[in-house]
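There are two complexes below, and they share chain A, which is joined by chain B in the first and by chain C in the second.
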Partner chain A sequence: MNSEHIQLPNKDKIILSILGIIGLISLLYIGANDDLGHTRLWTNLLHNSVYFTLVALMAIFFLCVNVTAYAGWDVVFRRVWGSMSYFLIVGLLLMGIIALGVYFGWHNLYHWADQHTAETDTIIKGKSGFLNKNFYTIGGLGFIVLWFFFAKKMRDYTIAEDDHGDGRWAHYKSMKFYAALFLPIAGFTSAAAVWLWIMSVDPHWYSTMFAWYATASCFVSMIALTILILIYLKSRGYYHGVTSEHFHDLGKYMFAFTIFWTYLWFDQYMLIWYGNIGEETIYFQTRIQEYPILFYGNLVINFVLPFLILMRNDTKRKYGTLIIVGILVFVGHWIDLFQMIKPGTLHTAMELGDHASAAATHGHEAGTHGAHGHEFKMGFTIPGIPEIGLMLGFVALFVATTLHFLSKASLTPKQDPFLQESLHHHV
Partner chain B sequence: MRKYNVDVVYGIYDDEEKLLHAVRQAKSKHLEIFDVYSPFPVHGMDNALGLSESRLHIAGFVYGAIGTLVAFLGMTWIFTRDWPIIFGGKPYWAVPSFIPITFELTVLFSAWGMTLTFYTICGLWPGVENPQLDLRTTDDKFCLAFNTKDVSISDANSFFSESGAEEVNTKSI
Partner chain C sequence: MSGGVVAPVRRPLIEGHKTYHQITEDLCSPTEKAPSKAWIIAFIISVSVLAFGLFCIFWTIWMGIGTWGSNRTIGWAYDITNFVWWIGIGHAGTLISAILLLFRQRWRTGVNRAAEAMTIFAVICAALFPAIHVGRIWVVFYFFPYPNTRGSIWPNFNSPLLWDVFAISTYFSVSLLFWYTGLVPDFASIRNRASGLRKKIYNSLSFGWTGSAKHWQRWESLSLVLAGLSTPLVLSVHTIVSFDFATSVIPGWHTTIFPPYFVAGAIFSGFAMVQTLMVMTRKILKLQEYITIEHIESMNKVILVTGTIVGVAYLTELFIAWYSGYVYEQFAFFNRATGIYWWSYFGMMTCNVISPQIFWVKKLRRSVFVTFFMSIFVNIGMWFERFVIIATTLARDYLPSSWSYYRPTWVEIGIFIGTIGLFFTFYMIFTRVAPVVAIAEIKHILKVGGDQYIGENATHKNQHDTHSLSSTNHH
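== the complex of A and B ==
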């Protein structure tokens, strides 16, 4: 049972390919119906690349947390996280494209990347030690390489342990060393990466809660995706060792970190509002006025529904409710990231855009004048159908990458010291 | 704990796995178990005994909801009707500033409510007498008891010797 290698049915491969093609068509559609600066294309690319890269980071992060904490319950399916983290290779490629764009001015995603603004705008000038093209490229991509280094170490050791593991636990001890080393590194670099990639689309704005808020978002998505992938693999006859006890614990994590995310979502607002930090209210002003559906819907999808559904004991153990909440939360946090990135990039495109389209401009003006503030523009103030298609494409890419690396080795570590504990896990 | 007024026959085990095994055996032989005693919670014992899920958490939800309403409506009444004061230039009905207190009172109500409900159900109040079947079950022994009305002493004796009990005793509690 433990030495199974997955062999997916061809039907599923075709479905994944179709999803991938849908994503590609959506990308082309967005590119063809875009303004001259390709604002919509680049923002969607940034949005999805960052989201899925951070989900991969959270997978390796949580794997290392469990190794460091002597956690045994997850060993039976731990390689799913190890494989999910290998999406960092794809993430490096995608963020590399965006970084090249920053370097050579292919897009107007970041206000601070504009040479003229960086010299004249006082606030951006003050932040230019961090927000500059070189740091974005070398730092941002360097972080991904660093994360991948640890993901590779963890995977190499666990696979080597399968064949050469013995009672001295040499591989396990090495894994513990690298896992513990990774935690502080991941803690600081993930925050810096979120500042670079997401928060800097609003370069005038600043929030101490933001890095936590964005990473918590991706953490919940990672747990949701893990649950969905595990349920899928179980439905295909793999992972007999994963029982409702494991799903119960994963469900608890989804429940707990949903509340953690809400705490950060609310506190970010509350600190600025109650602290009378007027200059930082611009972030919420834009979102509440121009993105009301996303702003309040965000709270409903990502807090109210999962909170009420997952509160009971048995809903964390049943596939039906887990699938519903998993999909809800995964899409919900994707939307969360959409409303983190979109307003800032559209504003930047309008500020810098000698070529900004009417569409992008319209979205901004609607909010400023307030007269017709409730006109929604597909792909700008709410995700349109091509955006959803692109997300499906990225999901297919992510799942295909995960399954590819999962199929390269045994599904369950054979020699892990905690394997028996995991197989007999009981909540 | 109430007085049961029953005669029980009980076997002492020296290991929780033996106890768990004995409970499963008794269940499969349809012997009605009066109770089991253990110095610590035994993993899987709830399932083996076939105990129904506790309904305490439903009470917890109700108490929490009451706490939410009390806090939110209470603050709303105080700050808009009873004694309106402007804090930090915020409106009277400043919802975001109510959230932390609403959260705290939700937790407080559900925690206290559940604790008191639990004590009431179990009859755990100061001065309660706690009859122990065998004091060694508070240290390192495990015990499985049958009501002599449900299971005859001879049946119990053969069951206990089969399932590896160290000793068998009877007692009125």
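== the complex of A and C ==
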């Protein structure tokens, strides 16, 4: 019952391919209608690459948390997380492209990467020990390799356990060792990666909370995506062992971490608002004035709606509500990351674009006319249709990667010591 | 809640092949017997220390706040440090009761009762400090907003110090409810074994509990509702305590990571205090079969995790201080590590971040001796953390001409030691009047946690293989 391998219907493969093609077309469309610096193209690439890479990181992180914490309930579908984490390979490739861009000046994503700025801007100069091309490349990509190393270890042991596992639980013990070791490593490196990839697009601004906030955002998305993938696989006749009891617990995680994300959002906002220091408030000032829909919408999609819908017991057990909330928060946190990245990169593009004497373009206008506010520019102050298309392409890429690795082994670890607990799980 | 199937790698949580009757016997008897000599000596010491603390409080009120070491630059130091320290300790109780209940961690049943009691006593100790630090304790009712005849005098609703009053009183009320709810069936167990006046008292305390199915059902729903309510409360209390500092614009205080980092630190210190108490309690009351090495190991793991989270937060602060490019922020942290109070920073880092790392070694986290010493270490480290944040930062403010040094007077030290006396006095009375381990909840997990059912010495092994243990199944 649980040892089956998945074989997807051709129809679904075609749908995934179509979504992938939509993504590709969107990418080409954006590229063809872009300004000289290809601001829109690169910001979208950075946005999606970081988002899906961090979702993959959260998958392996949560897997390791569960292994370390003697969790039994999730074993039946634990390999979904293991397979999701293998997107790190794709993430490495994508972040590699961006890092090469930083190295060779293909894009204007990071103000600090500009030679002239790095030498003349005192504040950016002070940060050059961390924000420099070498660390971005070696450090940033090194983190992904390190995360993938643990993802691979966890996968190798659980697959080996299928055939060679016995009552001595040697594989389980090895998994526990690597899982525990990964937790502090993930704790330190995820923060550094978030500073490097996301926070440094606003290179003058800083917040100690930021890394935990961005990570919590991706954690909620990871849980949402897990729920969606599991519901899909069940609809195709797999995972009989996954019952509404498991969905109830996943729903509780989605509910709890939605509140946790809001808690971090509130703390960061409240303390900066209360302190009222110009260098700090400018971050929210920009977003409230130039990105009001995203700023307030962020809270509605990622807190108000999931909070109200998931408050009841039965909404965490029914596919309908889980699918709605899952899609909502997955897109919601994608938008959250959009509003973390776009304002800073647009500002940089505008400043550096002047040096390159680029013609007035979308990016340019959005940046310079920002003070007027409420001027919505597709792809800049709100995601446009090509952005949605690109996101769908990335979702297809992520899901296809996950399903690919999921199909390589049994869907459920056959010899895991907690398997029976998981199969008999009751909330 | 406790499913019938137990994974073969789980280890027993109740040792000694206990029957239900034996559990009642073992856990009720400390309240029925005359106290041991060790208890009496410890109680006398606690009460004496408490008495000295009360004298110091009296001294402060009689002579005035000038008996403290605070000066024009460092307006608060020892009092607020102790307040935050005690509030932090008061976190583990509700965390164990509420969050571990939601996570269905069975090991919580061995320690939840004592941890909840500890929470209540710690919050009482903490609440003392704001009351006495105002100097004029007779106007302490100004803390509370109420319709008054003083014109427009109201507490400042913009101040996190006022939010503290609400957060802590709410937390205290809910924790007390939670603790008492758990005690109701256990008071009934004691009543059933008692006679005369004792029976009458425990009957009132248990609200005439009869143990009917309806009672249990309501009791379980209430526990879940209270767990749901207290989970956000656990976070809110230390969040607001952190706001006391973080809403300011003082470098070293104004940092956005403070709320979750304070909460992690609070859980860290709370668990350390639970360990201190549990190691002593299990020995003195002979409860080693209920508070097992398994429990101690689990709590040591929580200490390791939260200690490391705190470590990530310390390094985040340090890193961002450098990254900010803001000289005052950079100085604040440079001053913490190398300034006049370097020793407190050193103590904080050693006790909180470095020393808990020994718990990576299984042997050490299963050693009662090491656990006890580590728990004291962590308590010291977390006290230093608050002292570092408060005194070090205030001693070197924006204006070098007002830089100053703070050292506590005997009165302040006396009050702090007095609160420790208060804490232990309450705790020791508690061990005499109520079961230190929750009887009903231990019985609830017997068939999935007892060593006759699971683990190496199990004698009823077949039963759980056939999943027939539905008696403890609550859907």
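Here is the rule we go by: the second predicted complex is superposed on the first by the 408 of 427 C-alpha atoms of A that agree within 3 Å, B and C clash if a C-alpha of one lies under 4 Å from a C-alpha of the other, contacts with A are read in each partner's own complex, and residues count from 1 in each chain.
Quick note on the criterion: contacts are C-beta pairs under 8 Å (C-beta built on N, C-alpha and C of every residue); 3 or more make two chains touch, one makes a residue touch a chain.
Keep in mind that this is a model prediction, so the values were computed, not measured.
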Chain B versus chain C as contact partner of A:I259, first or second or both or neither: second
Touching partner for A:Y70 - first (chain B), second (chain C), both, neither: second
Contacts of A:G31 with chain B and chain C, given as first, second, both or neither: neither
If touched residues of chain A are counted for chain B and for chain C, the larger one: C
Partner chain in contact with A:G297 - chain B first, chain C second, else both or neither: neither
Touched partner set for A:M311, first chain B, second chain C, both or neither: first
Which superposed partner A:Y274 touches (first chain B, second chain C, both, neither): both
Which superposed partner A:F418 touches (first chain B, second chain C, both, neither): second
Chain B and chain C footprints on chain A, overlapping residues: 270, 274, 276, 426
Touch list for chain A against partner chain C, complex: 70, 72, 122-123, 126-127, 130, 167, 169, 172, 180, 183-184, 187-188, 191, 195, 204, 206-212, 252, 259, 263-264, 267-268, 270-272, 274-277, 279, 417-418, 420-421, 423-427
List of chain B residues in touch with chain A within their complex: 43-44, 53, 57, 61, 88-90, 96-97, 99-100
For the chain C and chain A complex, residues of the former touching the latter: 3-10, 102, 232, 235, 239, 243, 246-249, 254-260, 305, 308-309, 312-313, 315-317, 320, 323-326, 360, 467, 473, 475
Contacting residues of chain A [partner chain B, same complex]: 266, 269-270, 273-274, 276, 311-313, 426
